[in-house]
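Here come two complexes built around chain A, the first alongside chain B, the second alongside chain C.
This part shows the complex of A and B:
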């Protein structure tokens, strides 16, 4: 059954929400590798929502929805920002970007999840990870 | 929520500063900026910084942590110093490899190996 948490744009609240998701994942006995991947990708999504989507604006919320089963975990993160175009992000692995301190979050989500989808506006991302 | 100060074990061996990241979750988002500030403070004290960051206890990585390490690396280079990362567990190393940051950082299998490359 899907659960939805609405949290303030605060990294501490994000950590607590992430912990609740990971407790659910643990209940279904996901592998260490899958759990690592989910933790990494969801943390990137939450951090992006708080920092870039909502700009740390205390009046804006982040919504974390997760539906975990034996087969897969589907997680969506939605912020109240203006959105962005993920396809326009520079490639962080290009030589000229390697030593930049930011810009790797979406790339890591895509590397670790089986599926990553953004809505048209760009303020919601859905992450899917199979239990493997 | 009261945030505990992240723990680092700092020691010195053969002129090399060794920083052991003590907590599995020490590189969680909340801790990263604090860790970064403390490490920058340690670097500032050295004229010719030689640093080993020991990751043996670290079980989590994020893009923010990578960014902190990149900034640290630049600061050490600006002072003509050297940085080694040591004891990185395979899942964490994979994050460095996926982002090609294994080409930027000198990563050693162990603290001892890292120290030997600095002398």
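This part shows the complex of A and C:
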């Protein structure tokens, strides 16, 4: 059954929410590698939601929803920002951006998870990891 | 043998001539990326010919960890070949390729190859 945690735009609160998610993942016996992949991808998503989505605005919340089963973990992170178009983000693989230290969070999520999708508004990302 | 994914990052540094070999063991999450950046930037201030990153036992790295590598690379003067990667695990290799960082950090099969590259 899916659970939703509604947290303030605060990195400490995000850490607590992430810990609750990982406890749920542990209950289903996911491999250590899958668990760590989920941890890193969700950290990226929560950081993006708090920093870029809500802009650290204390009046705005972030929702972390997770539905973990024996087969897969589905996690969504939703902020109250204006949203963004993933394809319009600066391309970190372009020559002029290649040596910049930031801007690779979405690519990292795609590398570590089995499926990554954004809603039309661009204020929600859904991450799926199979239990393998 | 690969180390555990959940194992905290260990950074082992040794000097070989005018280069440093940095062995990364475990996984680098956001908290550890900061420490990694400090260690690598300290090495960069010594102006080595190259920093060789042995990633054979690195299970995961977060985006801040990639940023740490690039910050140190900047301290090395943005010189291609000043930072080299050795035998990354498939997931890390995939991430480096997806982000095109293999164009910044040449990848080698062995530490010796990287030192001689």
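By our rule, the second predicted complex is superposed on the first by the 129 of 132 C-alpha atoms of A that agree within 3 Å, B and C clash if a C-alpha of one lies under 4 Å from a C-alpha of the other, contacts with A are read in each partner's own complex, and residues count from 1 in each chain.
By our rule, a residue touches a chain if its C-beta (ideal position, glycine included) is under 8 Å from a C-beta of that chain, and two chains touch if they have at least 3 such contacts.
This is a predicted model, so every value here is computed, not measured.
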Query raised in the report: Since both structures carry chain A, what do chain B and chain C do when superposed there: clash or fit?
Result: clash
Query raised in the report: Just chain B (first), just chain C (second), both, or neither: which does A:56 touch?
Result: neither
Query raised in the report: In the superposed arrangement, does A:99 touch chain B (first), chain C (second), both or neither?
Result: both
Query raised in the report: Counting only touches as set out at the top, which of chain B and chain C does A:44 meet: first, second, both, neither?
Result: both
Report task. May I ask you to decide whether A:33 touches chain B, chain C, both, or neither, giving the answer as first, second, both or neither? Result -> both
Query raised in the report: Touching A:111 in the superposition: chain B (first), chain C (second), both, neither?
Result: both
**Report entry** chain C-contacting residues of chain A that also contact chain B
**Finding:** 32-33, 36, 39-40, 43-44, 47, 92-93, 98-102, 104-105, 107-108, 111
Report summary line: chain A residues touching chain B in their complex are 11-12, 14-16, 32-33, 36, 39-40, 43-44, 47, 92-93, 98-105, 107-108, 111
Query - Complex contacts: residues of chain A adjacent to chain C - result: 32-33, 35-37, 39-40, 43-44, 47, 92-93, 98-102, 104-105, 107-108, 110-112
Report task. State the interface residues of chain B toward chain A in the complex, per the touch definition above. Result -> 1, 3, 28-30, 60-64, 66-68, 70-71, 73-74, 91, 95, 98-101, 103-104
**Report entry** Interface residues, chain C side, partner chain A - complex
**Finding:** 4-6, 27, 29-30, 59-60, 62-63, 66-68, 70-71, 73-74, 78, 91, 94-95, 98-101, 103-104
